[in-house]
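Okay, so subunit A shows up in both of these, paired with subunit B first and subunit C after.
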Partner chain A sequence: MNLLSISSSPHIRSGITTRNIMLSVCAALLPSAVIGMAYYGWWQIGLLLVIGVLTAVLSEAILQKILHIPFSYLDGSAALTGLLLVLTISPMSPWWMPLIGSFVAILSKQVFGGMGQNPFNPALIGRATLLLSFPIESTQWIMPYSHVTTATPLNLYKMANFGSEGLNQVVASLGGTLQLAYRSLLLGLRGGSIGEICFPAMLIGFLFLLFTKVVSWRITCSYLVTVIVLSLLFKLDVVVMLLSGGIVFGAFFMATDYVTSPLLPKNQLIFGFGVGFINMIIRRFSGMPEGTTFAILIMNIITPLLDQSIKKPVGFVQEVKKL
Partner chain B sequence: MSKTFFPGGIHLKDSKERTRDLPIELFKDPEVVVILMSQHLGKPAKPIVQAGDKVKIGQLIGEAQGDFSANVHASISGEVIKVAPAPHPVSIEDMAVTIQNDHQSEWYQTPNVKKENGLFSREELLEIIKKNGIVGMGGATFPAHIKLNPRNPVDTLIINGAECEPYLTCDFRLMMEQSDALLNGIRTILELLPVKQVIIGIEENKKEAIEQLKTQIEKAVFSVQVRVEALQEKYPQGAEKNLIFALTKRTVPVGKLPFDIGVVVQNVATVIAIYEAVHLKKPLIDRVLTVTGYGIKEPKNLRVKIGTPVQELIAYCQGNTENPGKVVFGGPMMGVAIRSLETPIMKATSGVLVLNGNISYQENQCIRCGKCIENCPTGLMPVKITESAKIGEYIQYEKLFVTSCIECGVCSYNCPAGIPILNYIRLAKAEQMKRRNQK
Partner chain C sequence: MTNLKQVFLRGVLQDNPVLILMIGLCSVLAVSVTTVNAIGMTIAYSFVLIGSELTISAIRNVIPKTLRIPIFIIVIGSFTTIIQLLVKAYSPSLDKSLGIFIPLIVVNCIIIGRVEAFSSKNTMLASLIDSLGMSVGYGMVIVSIAFIRELLGSGTVFGFPIFPSFIKPMLIFVLPPGAFFIIGIEIAIINAINKRLAKNKGK
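Coming up: the complex of A and B.
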C-alpha cells in the first residue's frame, strides 16, 4: 500500500519566521542609523555599524560552533544585536569598541544556550561592558554636524542637581531659548549616542513595528508614562528628561526585546513600570548620569520571576464565582 | 458591527474562492464502499452483517454500542464482500463493512414510526435521530440524540454556519442550496427542544448566505424568534465555545459543556441531516464535502456516499492519485492527514484537501514572542505548556489547564520559530487525561 506523508494539524503556517521578525526590527532601526550617519559622519559611523554587525554575526557563528549550538547565525538576531549595540554607543567610539561590545553581547547570549535562553538583553550587556571597561571612550559626546565636543544635556542638567540652574545650562547649550532647546532635543541636535538622539527617526521605526504587530505598545507605554509621572513628581523638566538621554531608544527597541521581557500583557505593564522607575531613581539619585541600560538590565532579572505567573483560561473566573 | 469572540483568534486567508460558487454536484455511486464502524465519538458500532449478505441503501449494518456511539447504515445497495479492518484517519485501522455495488439503488424500507396527529412526540423524534445514526457533522461527531437531550434546560439553539476553516465551502453551499431543509430542520429541533431563541451564526465572508437566510426567515413562520447573525471573519469563530460567546456573550466554564449555560449548538449539515432523517426517513448515508487544495485541478463541492474511498474523489477532481502530496480530511487547521488513499469518507469529513506534501517545518528555538498566548482563543499559555511538555513536567499540566485546549492550531500556525506547539500540547493533554483517569 502506497503510504502518504502525514503530520498533525495545523497543515498550514503563517509564514512569519524568526528571521522576518529580526529583519523587521533591523529595518525599524534603519532611520535612526541613517540619521546617526548623517549627523556624525557617513564614513565614521558607517564603519562602526559594519564592524558591529559583522562582529556580531561572526561571533555567533564561532560561538555556536564551539558550544555545539545549532547554527542560526544568519537568522538576523545577531545582526540585530550588533546594530542595536552600535546605535547605543558614542559616535566618537574607536573602531575596536563595537568589536569588543558585539562580541561580549553575543557571548552573553550564547553562554546561556543561545536564542531564547539569555536572561539579559545582549546589546545592553555589550554596552554596559563598554561603559564600565572604557568609561572615558564611552562618554565622549559631540554635537551633530559641527562635531564640537559637548556634554549631553542630561549630564548638564544632572551636574546642577536638576535645579533651574541646570535647566538654564541645557537651554544655553541648545540654542538659548527654551523653545529652541526643545526643538533641538526633538530633532536630536544634541550630544548623545549614535542612534538615540533623533526622536522622529526612532518613532517612525517604532510605529512600523507596532503596525506590523512585531511589538506591543504595553512595555513602551508603561515605561514612558512612568518616566513622565516620576519627572513631574520629582519636579523635573519632562521634555528634557524624555529626550536628553536614551530613554526613548530604550523604551522603543531595548525594553521590548521578546526574550528578556515578560510574556503576559499584565506583566509587560509591570515590567515597563519597573524599568521606568529604576531608570528615574538612577538618574535622580545615583552618581551615574544615565540609567536606561542598567534599569532595563535589572528588570531583565525580574522577567523570569514575572513569567512564573500563570494566566487563567477563558471561563475560569465564572466557575469561581458560582462556587 | 458583526459579532466575534475574544480573546485571541487570527485572521486567515480564506482560500475559498475556487469552490464557493460551485453548486453541489452529486458524485456517482462508487463500485465499492468501505463503511467504518467508528465514525463517532463513542465506541465503534458492532457490525451486524456478514460477508455474502445482501444489503439495501439505508439498511442498518452497524449497531451503536453504548451512549455516545451511533448506528451505521449501508450507503449503497449490494453485497457485503468483507467485514474487516480498513484504513481509518485517526486510529490507522478500524473495523469496516465493505459493500460491492449492485447498481440496483434499492432502498431499505424503514418501518414507520408511530405518528399522532402527524406530529412526533419528543421521545419519538429523539429515537428517530438516534436510529438514523445522526452525529455532529462539523467534525466533533458528537451523537445528535445526546446533544438534543440535554440534562439542563436550554434556552438557546445556535446553528453553526461559521465555516471558519479556510478552503471549505460545503456548509456555505448547503445554506445556499438547501436553506428550506435547514429551516425545516430547525423546526424539527424546536419540536423536541423548547428553546426561546434560535441564532444562525455565519461568518461575514458568506454574505449571500446571510442575505438569503435573512429574507427567507422574514417570510417564514417559527414558534420562537429565529435570527441570522453575521460573524467577524476570524479563526476559530466556529469553535463551539467561541461561537457561543460571540452570539450570546455567555462563557462556558472550564470543564463544563454548552448545555450547562443553556445552549445547544448544531452544525448546518447536521440540522439538514436531522430534517432528512425525520421527514424523508433517510439515515446518514451521504454528506456534502469540498474537494480542493493545491493538488486538485478541478475543485468541487460534492455530495458523496459515506464509505467512498478518497482516491476516487481525488481522481474525479483531476488530482494526482499517484503521488498527491498531503491529503487532509477536514480543513487545513484542524483536519487529519490520512496515510492511505483507500481511506473512506466518513460522516464528519467536511473536506478533502490535497496540500503540498514537501513542506518541512524546521523547529527553532523559542524567541518568547508571546504570539501563542496572545492568539489563543481559550486563553491558555501554549509556550509554557510546551516548555513543560518538553521535560515532562506534568505537575504543571493541571495549573496550565492543558485539557481546556480545543486544538484549533492557532499557536502552531503563528509560531515564528516553527515549533509544533499543538503537538506538545497534545502530548501534555494525553498525559493529563491518563493521570486523571488513574485517580
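Coming up: the complex of A and C.
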C-alpha cells in the first residue's frame, strides 16, 4: 500500500513546522514555569530550568553527531523535552537531577532513531529514570512560599487507605476546611512537582494549544473523564484525585504528545481511557501514591498497536477517473 | 585445528548464546545484580554445560532418535543436581543469593540447545571446545553486565564502595530495567563487532 501519495507541484505550503509546534508548546508551558518559579523561588527553579533545557539541547547535538542522525537540535523539540522534564520533578531536586534526567530523556529518543521514532515520551522516561534511581531525592515535597517539608495530598490520602480519615488529613494539611482545601488544590498551594501544581496556569497553556489547534481535545477529555468516573466508582474524592498529583499536567501536555499518541480520533479516545484507567488502578491499588508517569508510558507502548487499525493513508483522496 | 578454533570463537562472538542467539536471558538478567553472583552463576553454568555436552557426545551413537530429549534432560538434570548440592555444601551464601536460578539451569535453553544442535552430532573434543566457547561467551556477558550494574547501581566493585559519598549511585541499574539497558547496549556492541568481522572477511 502506498502510504504517502505525492502529487506534482504546485503544493500548498502550510505554516505548520516542527519548530512552530514545539515553540507553541513551550509557550503554553510558560505560565506553569513562571508560577513554579514564583512559588518555589526564582533562582532555585530558574537554575533547574536552565540546566534541564541546556542539557537537553546539548545532549541532542552530541548524540546526533555520534549516531549520525541529521542535526536538528535547534528545532525546539529538545528544549521542550528539557522544559517538560524539569516541570515534572520535585522543586527540591539538586542541580544534577535535571542534568541526568534530560540526558536520559534525549538518549531514549535518539537510540530509537530520533524525532518521530521514539516509542516513549522522552520527558517521562527521564522522570521515571530519576524516580527509580533516586527515590529519596525525587520525592521530597515542600509547600509553596513557606518551603516547609510536606507530604503530597495524594500520599496523605493513600496512607490512610483512602478513607474519610485520609480526606480529613488532606483537608487539615491544606487550610482546615474543605472549601479552603479545594481552593488550595485549585491554586496549587500544596506539595507537588514544579509545573503540575497550578491548575489555572496549566489551563491557560492548554487552551492556547487547543485554540491554535496544536493538540486535540480527545485524549485529554477521555483521560480526565475516565479519572472522574473511576474516582466515583472507587468512592474517592473527585477533586482531590483530579487536582493533586500530575493528572492534569499529564493530560494536558504529556499524553497529547504527537509522536507517542495515536493518530485516529477513535484511537485517541481509547488511548485517553487507557491512561486514565491505568493511572487510577496504580493510585488505588499499587504501592505508589501516583502513577501518571507510568500510566502514560504504558499506553505509549500500545500506541503502535492502536494505529495498526489505520487501513488507508491519512488524508488520502481517491482519484476520480474521468471517462 | 583451525576448525576447533572457529568452534570456540563462534561461541564467544558470532553465535554468542546470550547476545546473538538471545537464549537463556532469564538467568543473565536476574542474577547480574552483583559481580560475585555473576561469577558464581558462570561457574555453575559452565560445569553443567561442559559435563552435559561431554556426556551426550560420548553416548551420542547409542541414543535412540525418538528418546533423545528425555535423555538430554536426564543428563542435564543430573549435572545440575550435582552442582546444586556442591554449592549448597561449600558456599551457602552463594546458594542463597542465586536461589532458584541454579535448579533452573536444567531448563536453560542454551544447554539443551547446544546439546541438541552440536554435541549430539559431534566428537567429544569438538563438544568440549564448543562448551568452553559457549561458557566463555555466557560468562563474559553476565559478568560484564553485573560489573556495570554493580558499579552504576550500587557504586561498588566486588562489594567494595569506590565512589566518594557525594556521588549517588543510580538505583535503576540494580532494578530490572537496568539489566535490559545494559544488555541492549552490549547487543549493539557485539553486532557492530560482528559486522566489522564479516566485512573484513569479505575483503
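What we mean here is this: the second predicted complex is superposed on the first by the 300 of 323 C-alpha atoms of A that agree within 3 Å, B and C clash if a C-alpha of one lies under 4 Å from a C-alpha of the other, contacts with A are read in each partner's own complex, and residues count from 1 in each chain.
In this text, a contact is a pair of C-beta atoms (placed from the backbone, for glycine too) under 8 Å apart; a residue touches a chain by one contact, two chains touch by 3 or more.
These numbers come from a predicted model, not from an experiment.
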item	value
First (subunit B), second (subunit C), both or neither touched by A:L132	second
Partner chain in contact with A:Y258 - subunit B first, subunit C second, else both or neither	first
Touched partner set for A:S146, first subunit B, second subunit C, both or neither	neither
Partner chain(s) touched by A:Q117 [first = subunit B, second = subunit C, both, neither]	first
Partner chain in contact with A:N161 - subunit B first, subunit C second, else both or neither	neither
Which superposed partner A:I100 touches (first subunit B, second subunit C, both, neither)	second
Greater subunit A contact set [subunit C / subunit B]	B
Subunit B and subunit C footprints on subunit A, overlapping residues	none
Residue numbers on subunit C that touch subunit A, as the complex places them	168, 170-173, 175, 177
Residue ranges of subunit A in contact with subunit C within the complex	100, 129, 132-135, 137
Subunit B to subunit A touching residues, read off their complex	7, 10, 12, 166, 241, 245, 251-256, 324-328, 332-342, 353, 355, 357, 359, 361, 364-371, 373-374, 377-381, 383-384, 399-401, 404, 407, 409-410, 412-414, 416-418, 420, 422-423, 426
Complex contact set, residues of subunit A against subunit B	1-14, 16-18, 20-21, 72, 75, 77, 114-117, 216, 258-259, 263-265, 310-316, 318-319, 322
